[in-house]
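By written order: A, B and C. Residues from 1 in each chain.
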Amino acid sequence: MSIDTSTELGSDERAASMQAEIEGTRRAGRGDRFFKGLALASGCLVLAILALIAGSALYESWPAFQQQGISFITSSDWNPNQNQFGALAFIWGTVLSSLIALVMAVPVSIGIALFTTELSPRRLKTPIGFVIDLLAAIPSVVYGLWGIAVLAPNMEPIYQGISESVGSVPGLGWLFGPPAHGTSFMTAGMILAFMITPIITSLSREVIQTVPRQQREAALALGATRWEMIRGSIIPWSRGGITGAVMLGLGRAMGETIAAALVIGSSAQITTRIFANGDSMAAQIANQFAEASGVFRSALIGLGLVLFGVTILVNVSAQRIIHRFDRKMVRS
Amino acid sequence: MTAPLDLDEVPPSLVSSMSARRKFKNGLATTWLVVSVIVALVPLGLVMFYVIQRGSAVFGIDFLTADIPVSRRALGPGMGPAVLGTLLITGAATLMAVPLGILGAIYLNEYGGKGRFASLVRFMSQVMTGVPSIVMGLFIYTVWVLTFGQSGFAGALALACLMLPIVIRSTEEMLRLVPDDLRQASFALGNRKWRTIVTVVLPASIGGITSGCMLAVARAAGETAPLLFTIGVVNSANPNLFDGPNTALSAQIFRNAQIPFTGPQDRAWGAALTLILLVLILTVAARWVSSRFAMKQA
Amino acid sequence: MIGIPEKAVKSMSDALPADALPSVTIPIGSAGDSGDAGAVAAPARVVFDIDDLAVYYGAFRAVRDVSIEISQHEITAFIGPSGCGKTTVLRCLNRMNDLIEGCRVEGQINYHGADLYGPKVDAVEVRKRIGMVFQKPNPFPKSIYDNVAFGPKLSGVRNRSELDDLVERALTQAALWDEVKDRLKASAMGMSGGQQQRLCIARTIAVNPEVVLMDEPCSALDPIATARIEDLMQELKAEYTIVIVTHNMQQAARVSDRTAFFTAEVNPAGDQRTGVLVEYDNTQKIFSNPGDERTENYVTGRFG
């Protein structure tokens, strides 16, 4: 270092030269400022993209909203040839197929999560994790292909059997009454259930793993069975986090496009009968957008905007619930 | 991690004193857990079985390289243009999303920390992972395709938007695992912050980052919805991402699945097998990378 | 840089009676020394002149009223009970505290007469000159060679043979060369704790700093590894100025030339502990004839 070469200088000069040395040059700090700027810009990109999505979709769909007004989401009269765009039937289709998916996926997902955390021998944990990863890795279009080529034709006779046997029973007929088609709300819900099981499972598992050991031991020390321990300590402790996981699954199911587009039946109608043909917002966009123009196209982009809004709403609530759960964990 | 509780260690006398009702409930719950795992295996097994069985009937070098028949009903291979398209489009999306995503994560973990703006960005990137892929496709359609027309690059843009938040989230989690000791050691050597990040923090977490990015690539490679209106359709290979329409395996599966003739159905299954192989290789490789990395840390 | 001749003089001086030392250090333990910090002004060059230092974390005052002069080629030890601010003061000396949000430094620290906290001072330049060894060994998850070569590479040394020389010299100085010369490419994570800490010292001195700050460098090590590090410090003293924070009074007595004793004062409300400097003097005097009752209580084990 140059400290020793400056020995001959007076102490003031020495101080001045050291001051100059440790101050460095403006150039030296430039790398830091540049890098930080780059990183910040990349972070801002996320906000920019989200804002642009909302902005561009609003701009492009404006003609449809202008023409249709509030009936865009309250009317089910969708007839592009007569410039009528009431999207309620698609919204209904999205909601119904997602609900069916949840009803099937939630018990299975939580079951798998509890199996791996509470029941499974150690050597089974990794293989099960791998199976869940694989389930998540299969592209949705492959589920769709399997759904339309294998699942739908094979389910049709089963649906018909159910429909014939309980369709006339009051109450049950409301859900299972005819018509019964292979491509239907039910088949779409099943395919969606396969697709959202991995996300609900892995998030629930993470949440359940945070339950402190003392909580489990406290219950077991009181003579609880495994099930009583799960109900008494694990479920109350992780309820918030699991709710968040389920809502994220719901968001995923509502936004899923391709598999639903292939198996839902592409016939928009508002019905509670789950074996009937239906259509969803995402499926309608996927199937019609290529041929659409003019107000029809802006109506489809409007559907996209509604879908965007609803999924964002569901996701934000899910994140809030999980966030609150995290904070509770930190406090305790 | 807490050790798994072993109920078999409960003394037998205690277990046998339980009422039948409690025993039954416990047995029912245990059955529920076991059945759940089996139920999840069924669709996985069935889908894999059909993809391998129907796909392998057409799969081969010819299938991977030959052009797509112009007549959609025609029998026989191939999917060459779609294989090329998937590789090019996914590759281009990776080149865009991975560096930006890693930089974004660096901002969140190394600069922003717990600040209000960083929290907003973090929250929004989590929200962005939930944006439906079809909405990303519409977005790129309105801001890019309407002006510049359909091309492989437009598809790559849509996939990159989808990958970006996934890369940010997984990378930030990995950066958070890097002990602060290492950063301090580097600062104490007179290393500037950006060089500390590049020479110490990133190398220390590169395994986890790589595996997270590979999973994001795998997810993007299988996506269909963002490509539907952005890349268009071609039957012969288009190696130019920036000029003219392109095609991809996922888009071809979607088109062919809807045509009820043997030729296109076979091609759909063959394309599904190709796509699944690609995605599985990426997923398994990502697992391998992350387990290797975990061993090195220990 | 200080040449080898002086190092020879220095190591020779270890064998000589204290008052026969060359003028590089001040006479230690000369009888009847009045012993207040002012008397420390001696022929040795002052590296750090700390005047009325106070450190705040947000509104919380962690340390106040610290005034110390630290001389070149000496080992200065900071001792005191937990929470007395000795590490905080140490981290002020190379501006590591800048990295803690809400941390604010008042008072003056001059480094060779230059204001360390001057408005234009670049903390990175400061840390190149004033290195630091941490409490827990923190090697990078790289090879042994890459750990040591890390700093030189930063300052632009690219030439392979030059790097090899630097690595060998640093490892030799850190008394580690013989143990690792055959496995320089092996991961540093596979070394023992003591070896890791010596590697961290080698990594620090490879950037050729003037001062090495050590924050309880032996607290995570066993007695044998500790003894090796202490020997090492004696050797390094010829070339570097060393400031060490330690919990271990024997260690301070064994290795240091001067000792600063800190303690924590509790405010009247009883909810805040602020570190203060009690006494700063020759190590021998602190341990044999301290000027303050609190120091005596501490070094004789009656407190802390």
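Before moving on, here are some points about what is shown:
Convention: a contact is a pair of C-beta atoms (placed from the backbone, for glycine too) under 8 Å apart; a residue touches a chain by one contact, two chains touch by 3 or more.
Being a predicted model, the structure only gives us computed values, none of them experimental.
Summarising the inter-chain contacts, the pair of chains with the most C-beta pairs in contact is A-B. Located most centrally within the structure is B, per distance between chain CA means and the overall CA mean. When every chain is reduced to the mean of its CA atoms, the largest separation from chain B belongs to C. Mean C-alpha position of chain B lies 50 Å from that of chain C. Between chain A and chain C, the centres computed from C-alpha atoms are 54 Å apart.
Centres computed as Cα averages put chain A at a distance of 14 Å from chain B. Under the contact definition stated at the top, the residues of chain C that touch 2 or more other chains are 124-126, 129, 209. Touching two or more other chains at once are residues 28-29 of chain A.
In chain B, the residues that touch at least two other chains are 192, 195.
Interface residues of chain B facing chain A in the complex, by the touch rule stated above, are 1-5, 7, 10, 14, 18, 22-23, 25-26, 28-30, 32-37, 39-41, 43-44, 46-47, 50-51, 100-101, 103-104, 106-108, 110-112, 118, 120-121, 123-136, 138-139, 141-143, 161, 164-165, 168, 192-195, 197, 218-219, 221-225, 228-229, 250, 253-254, 257-258, 265, 268-269, 272, 275-276, 279-280, 283, 287. Those residues of chain A lying in contact with chain C across their complex are 1, 3-4, 11-12, 14-16, 18-19, 21-24, 28-29. Touching chain B in their complex are the following residues of chain A: 28-29, 31-32, 34-36, 38-47, 49-50, 52-53, 56-57, 59-60, 107-112, 114-115, 118-120, 122, 128, 130-135, 137-146, 148-150, 194, 197, 201, 209, 212-213, 216-217, 220, 223, 225-228, 230, 248, 251-252, 254-258, 261-262, 282, 285-286, 289-290, 300-301, 304, 307-308, 311-312, 314-316, 318-319.
Against chain B, in their complex, chain C makes its touches with residues 94, 96, 99, 101, 124-129, 131-134, 136, 138-142, 150-151, 154-155, 187, 189, 200, 203-204, 207, 209, 213.
Contacts from chain B toward chain C in the complex involve residues 113, 179, 181-182, 184-192, 195, 199-200, 203-204, 296-297.
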